[in-house]
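Multiple structures are listed underneath, in structure tokens.
Paired with chain B in one complex and with chain C in the other, chain A is shared by the two complexes that follow.
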Partner chain A sequence: MKARIIDSVDVLKIVDLLRAQGREVIAPFRGRGNDTYFDTVTSENRDDVQIHFANPSYPPKRFVLPHIEQMMKFHRSDGKIDMEPTYEHPPRAIFGIRSCDVAGISHLDRFYLDREFRDIYYEKRRQNLFLVNVVCTDPARDIGENCFCMCADTGPAAREHFDLQLMDLGMGQFMAVAGTTAGQTLFNEPIFRKGTPAHVERRREILGEARKRFKTTTSWFPATVRYVSQDKILDSTWEEIGKRCMECGGCTYVCPACTCFTVSDRQTGPDEAERVRIWDSCALAGFTRMAGGFNPRRAVHDRRNRRFFRKLAHYFIQRELSMACVGCGRCVSVCHGDIGMPSVVEMLRRATAERALPSAAEKASPSVAEVDKNEPVRQ
Partner chain B sequence: MNPSGSDNIYLPRTAILERVVDDIPEVKTFYWRFEDPAAQSQFKRFRPGQFAQVSLFGIGEFPASLPPSPTESETFFTIRQVGSCTAALHQLHPGDKFAVRGPYGNGFPMEDYYGKNLVFVAGGIGMIPLRSCIVYAIAHRQQYQSIQIFYGAKTPRELMYLKNLDEWQNTAHVSCHTTVDRSDNGWAGHVGVVGSLFKRPDVRIPVDNTIAFVCGPPVMFRFVIRDLLEMGFKQSNIVSTLERYMKCGVGKCGHCCIGVAYICVDGPVFTYEQIKKLGEDI
Partner chain C sequence: MAQKLTTCTFCGAGCGIYLETHDNRVIGAYPSRSHPTNAGRLCVRGWHVHEVASSPDRLKKPLLRQNGELHEVTWDEAIDFVAARLLEIRRRHGPDAIAFLSSPRCSNEESYLMQKLARTIVGTNNVGHGAGVYCNNSINVLLDMLGIAASTNSINDLANSEVIMVDGVDLNRQLPTIAGWVIRAKLNGARLIVIDMRRHRVAENADLFLQIKPGTEVALYGAMAKVIVDRGLANLPFIKAHCDEYEAFLEYALSGDLQKSARACDVPAESIEAAAISFAKAGSAALLYSTGVESRGKQSIQAMVNLVLLTGQIGKKGAGLFPLTEQNNLQGVCDMGMLPDRLPGYLPVTDSAARAAFAKAWNAPIPAAPGLDADDVLNDRGQGRVKAVWLDRYDPISTASYGDTRCLGGCDLVVTQHLFRTGLTEFAHVVLPTTAFGEERVSFTSTERRIQLAEKVIDPAAGPMAAWEQLVRLAQAMGADWKYSSSEQIMEEIAGVIPFYSGVSYENLAREYGRQWPCTKERPLGTPRLFEDGPDDRKFSFAPLHYASPLSTVSSDYPLMLVFGHSLYYWHQNVLINHSETLKREHRLLLLDYPGGFVEISTDDAEQLQIRDGQKIRLRAATGSAVSTARVTSEVRNGAIFVPYFVQQLRSQLIQENVNGSSLIPVRVERDPA
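Entry: the complex of A and B
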């Protein structure tokens, strides 16, 4: 990968270059409070684009998988029915996407494109998308209370899947790393110049420092993935997690790696209809309900169980070659029941580990052995 | 890869309804063909146990089992009216258009069962997916040992595919037993749950080298599985097909994902050994 140096004052010129390529550029902006959000860059708001910011709650996933997306139109005339697939995939760039969200899009790539069936709607959008990753280096402004990309191994600096990566070296300079030839082409512009070994050393130092500045949120995946995959989680633990779920679906809505959608037809005129797909959530009661009312997934803990099982089971990680959790911490921020991923991982890990390793006193007690027998592992 | 040959896995193809046959209350069989003959011949390569997505324009799409065997010339669905899409399909008349995509799913590995005894146990509309396997097995009868069919419905009026049942009862080396939970006037046959047929003196079910196909409502499924396991069937020799809410049929929408499987691409056909590991109600 090639790297270059760019002055801080020139960084937003990358946005200008991408806009000059005819791309719609999406970038982070600051709201009226502490909120941040992704929006389209225009000539008016260009100077308000943020470099150091708290990652927006609403992930940039919608630029590859819109919240509501038209898939096809139906038109009926003279007994004939026309079906026309509809695609909307303007050339786009996301400037300032965080490493966790880059990993999220990479996971979606694997899910929608690397399997037996390729999703053409996703593919067309993704092919036209240019990603400018900005590394989280500022502990005060970039790294949130709930960030745990270190545990998901996705940050603070993405290793791949971006076109261009920017990192603030301080002292008025950024290091730019090209991840693709499209990214490297930008280096022909005069705003970029060659770096020195001292710059590379500085990058290493800053990354080392940023890693130490992560807050207290941790998510100990390896042990939990092992317990989930080996079917060692007790029903009672899933139930405990389920009791804390208020079925709002917020976690799935803000997750950069959730993939589920529903499909719905809507009449758009007397002889016209459209088919749209809409984000869906496995936390909602109707998710598995079939026509006629039978719902194989009845209890709320079955649904909670579903989302975390889907993300933590080794089988699925192997299938997509990446975990459907990127450590962005958004589920932690939105969950009213404190069952974001790190809490769940901890609850599962602790309950299972304690059961697997009873203390010597408990071992001697016959009543504990009895309890064990009465609580069969989930089959 | 996409069976319908298009680069858009969600795009169905127009189908024309040819005729509708009333089966039992609320259930009709819809004979159809694709408008495009090339699509028809492509579709006809389906395997027993696969399914298709049926589109009603402006209403929606639903998954449906394929009751025909690929050895038959016609394509049809047998559909119970239960939700808005199936209700819309029930309103259609011959000549009307809808759309179909597929076939999807793994299907039953009928070739792997060559040389084995086949036992089919169907309850209610569970006969719809099993019909495909039964017709296929009878068409390849020289490849299999004995073929036994056990079919139970709530009442005689709810026994489906009567013409087929009659035909199977009169096919050499095939035995076909029917039963009803409650008899009506004029029913001279067996009364009782489908499992009670296994205990009839004229019934001998071989356990070794036998594959048991079980399909029916959850309660029937549980009892039949128990009976088969008591007879000595291995869990891996009991096969079934699962039903789930599905939106895409191609492993993307997530609705049918249970345990470690997406029913639409990893199933819908599973052995009982696999079903047990999925960890959800059937």
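Entry: the complex of A and C
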């Protein structure tokens, strides 16, 4: 991959360049208090673009999969109904997308583009999207309380799936890495210059240091993936988790790797209607309700079970080529009952490990312990 | 695109929420991390605000009924018509023939103007909000006993509570953000005590769950008071310094009987004892209940305040009373005086000094006799005297247990302000389209007394007008010299007449995250916690109760107690929910399974009665009977049948008249309704 150096004072000129290309550039800004959000860059707010900032809860997946999206319009006249698909895919760039979110978009790419059915709405938006990843290097400003991208191996520096990657080397310089030819063409601009081996070494040092500066949130995935895939989790554990769920749907809405949606038709006028696609959530009781009333996941603990199976089971990891968790920590921030991924992973690991330990009674009669260890064969 | 911080207007929590807009449409919604109340979280309603705001079935033009049909007219035509009719009705039948009813979702500004119009222009105290009876029990008790009718602490103060007691409110469904604080406090070591006849989500996390028989709260709290006094756990220094009527209360408390109460409530005596001791001994204990539950009578609220005073659990970090308002502006609507017997700021209309002060401020006389509230008007306790009703965002046909439309059907004038056509539209003579959330800048007051702005983020379509502006136009058409050019100006006036709002201005509210009242000129940053220095200008007051026999008891003929209350998916029948696909689906989950409505019966009782889930049953009471469908669930306790709020007809079928306070009805179940 090609790499260049750019002075810190020139970094926002990349925003200008992208806007000059006719793109809507979406970048991070500060809101009230410590809030941050992604919003459109205009000439009024361009100087307020943040580079080091706490990743906001509202995920950038909405730029490829909107929270609500019109898919088609219907018009009735003379007894006929005309249907017209409506696509909205302006050329866009996200400046400052974090490595975890880059992994999230790549996960969604695999889901929406690389399988049997190619989602045309997603495709059109994705093709027009240019990603400028900024590596998280500042423990005070970039790395949040809930971040655990290292456990998901998606950060702090993405290895691929970005067009351009920027990393603060300190001393007034950033390193820029091109991930695609589109990114590389920017390097023709005079604000970029060639780097030296010293710069590469500096990057390595900073990344090494950043990796040590994550806070207390961890999510030990490997054993959990195994337990979930092998159906070793007891119902009672899911019930413990379900008790704490307020069924808000937040975890699925903010998750960069969650894909579910519902589709709805609604009348917009006497002879007009529209079809919209809206994010949906397996956290909600109505998610699996079928016509006729049967609902296989009516109980809240069955829905929790479903979510984490979808996130962690080996079957899905194989299918999507990545785990459906990028370690961004948003589910931790939005959860009322503290059952985001890290807490659930810990509960699953602990419950399963405790279950594996023989009790005193079992130690006394080995035959009982033997029976316990025999698990029925499962699919 | 644009991002704007605003306040969610679903429930009384008042969460900080950002609306994302593009091309004059709301396209997204997400939480504010820094907001002190929700700290980065939302509930399922908040996560779907963008869907609701962008719904296409909004009313666009005023409608006037001509020849039996509603026709579109101009604003001038509609307002002039209403003004002329109101003046005529007043001339013929007197000012008390007219009533103004609002929803607890109305903004502070429109609520303030509505009661001002009613009092100064029409000349009546017939003003009320749709959560009427139930809520006003709480207001009167709190004003009597504490001096202030509102939560004493901030919601996030629950993180500091060692003990949290939740009585009779399904937090997960009604106020999920608050449920979250409770659960997280428990995860951090707080002791959670839940009192409820239904096993709801928060109850499943309780350290102590007292699943009491319906209507036995007074007995329960009586027993707890006895335990506390017997064990010497009463907070005597606090009581001596700050409370009146202790001797009378003590006499009552000592007459309590733990075993007798345990039998009456049908919970183990040890649990009652443990709950009492926990609450009393805790360094900080919080007590949460809902002001909007109709089966909660006055005495049961007094009993809770007694407990708080007995133990001194008020005015400190993590210790306080939370009379929760389930709708987003129930607190504000009451603060603004949408009460038939109280002026803005809660002064009684019967207080001549208060009337004089408002008469001076408003330059008009104030009627002295308390008026009718929503419940009175809609159940025609005015006995045909009410001829005109103005309803703001309030659809009693669909929302409350007023399936009975006697009064409205008999009115000469029914005017409704709303966003959509509703069940009420059939009875309306005039329909006035209002602007929606996000289309106007107005204020709301949450359950923690936080006055907050809901911002304007998009321009409304041509046609709808802000509700407050409609009231200004009406006032002018009726001859009053009202000049309000903005909602901000209305708040300036409110700050001038309500002492605990005196420091409020839009500029002050917009600086951080609103302000918690009292927000005065001396305390412009507001007051997160009340009573840190004891009560203001008075003492707290115990309420000595009497062990009266309960209003209703079961018998062998009628062995089950029917309870009306708030339930799963009862989000106040919010018409807005019907305009969001996902919320509609969730809200209707049970309704689709039980299309004719349902009543909840416990698995044990169902087994005993040999009733299956989904079976039609007849409920027979001494005064009537009704047919419904059984939903068999383990959430309900044995011996009780729970009726969710939205099954309107049941109450009137079971008891031929709507008797105030009869939210507990002894019934028996018959299996084969003929």
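Here is the rule we use: the second predicted complex is superposed on the first by the 358 of 379 C-alpha atoms of A that agree within 3 Å, B and C clash if a C-alpha of one lies under 4 Å from a C-alpha of the other, contacts with A are read in each partner's own complex, and residues count from 1 in each chain.
Assume a contact is a pair of C-beta atoms (placed from the backbone, for glycine too) under 8 Å apart; a residue touches a chain by one contact, two chains touch by 3 or more.
This one's a predicted model, so the numbers in the text were calculated from it and none came from an experiment.
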Check chain A with both chain B and chain C modelled on it and let me know: fit or clash.
-> fit
Would you check which partner chain A:185 touches, where first means chain B only, second means chain C only, and both and neither mean what they say?
-> neither
Angle at chain A between chain B and chain C, C-alpha centres, nearest 10 degrees = 80
Can A:260 be said to touch chain B (first), chain C (second), both, or neither?
-> first
Pick one for A:289: touches chain B only (first), chain C only (second), both, or neither.
-> both
With the two complexes superposed on chain A, say which partner A:244 touches: chain B (first), chain C (second), both, or neither.
-> second
Thinking of the overlay built on chain A, is A:280 touched by chain B (first), by chain C (second), by both, or by neither?
-> both
After lining up the shared chain so the two structures overlap, which partner does A:35 touch, if you call chain B first and chain C second: first, second, both or neither?
-> second
Using the touch definition from the top, say if A:334 reaches chain B (first), chain C (second), both or neither.
-> second
Partner chain in contact with A:8 - chain B first, chain C second, else both or neither = neither
Rounded to whole Å, the nearest C-alpha atoms of chain B and chain C in the superposition sit apart by 9
Both chain B and chain C contact which residues of chain A?
-> 262, 264, 266-267, 280, 289
Any idea which chain A residues touch chain B in the complex?
-> 71-72, 74, 76, 79, 81, 83, 85, 111-112, 115-121, 259-267, 273, 275, 277, 280, 282, 287-292, 296-298, 302, 306, 309-310, 313, 315-316, 378-379
Parts of chain B lying in touch with chain A, wherever the complex brings them together | 1-2, 7-12, 14, 56-62, 82-86, 95, 97, 99, 243-245, 247-248, 250-260, 265, 276-277, 279-282
In the complex, chain A touches chain C at residues 26, 29, 31-35, 37, 39-40, 54, 56-58, 62, 66-68, 243-250, 253-254, 262, 264, 266-269, 274, 278, 280-281, 284-286, 289, 293, 300, 333-338
Listed in rising order, chain C residues that touch chain A in their complex are 1-3, 5, 16, 18, 20, 27-35, 40-44, 46-47, 50-51, 54-57, 172, 176-177, 179-180, 183-184, 187, 201, 204-205, 512-513, 581-582, 585-586, 588-589, 592-593
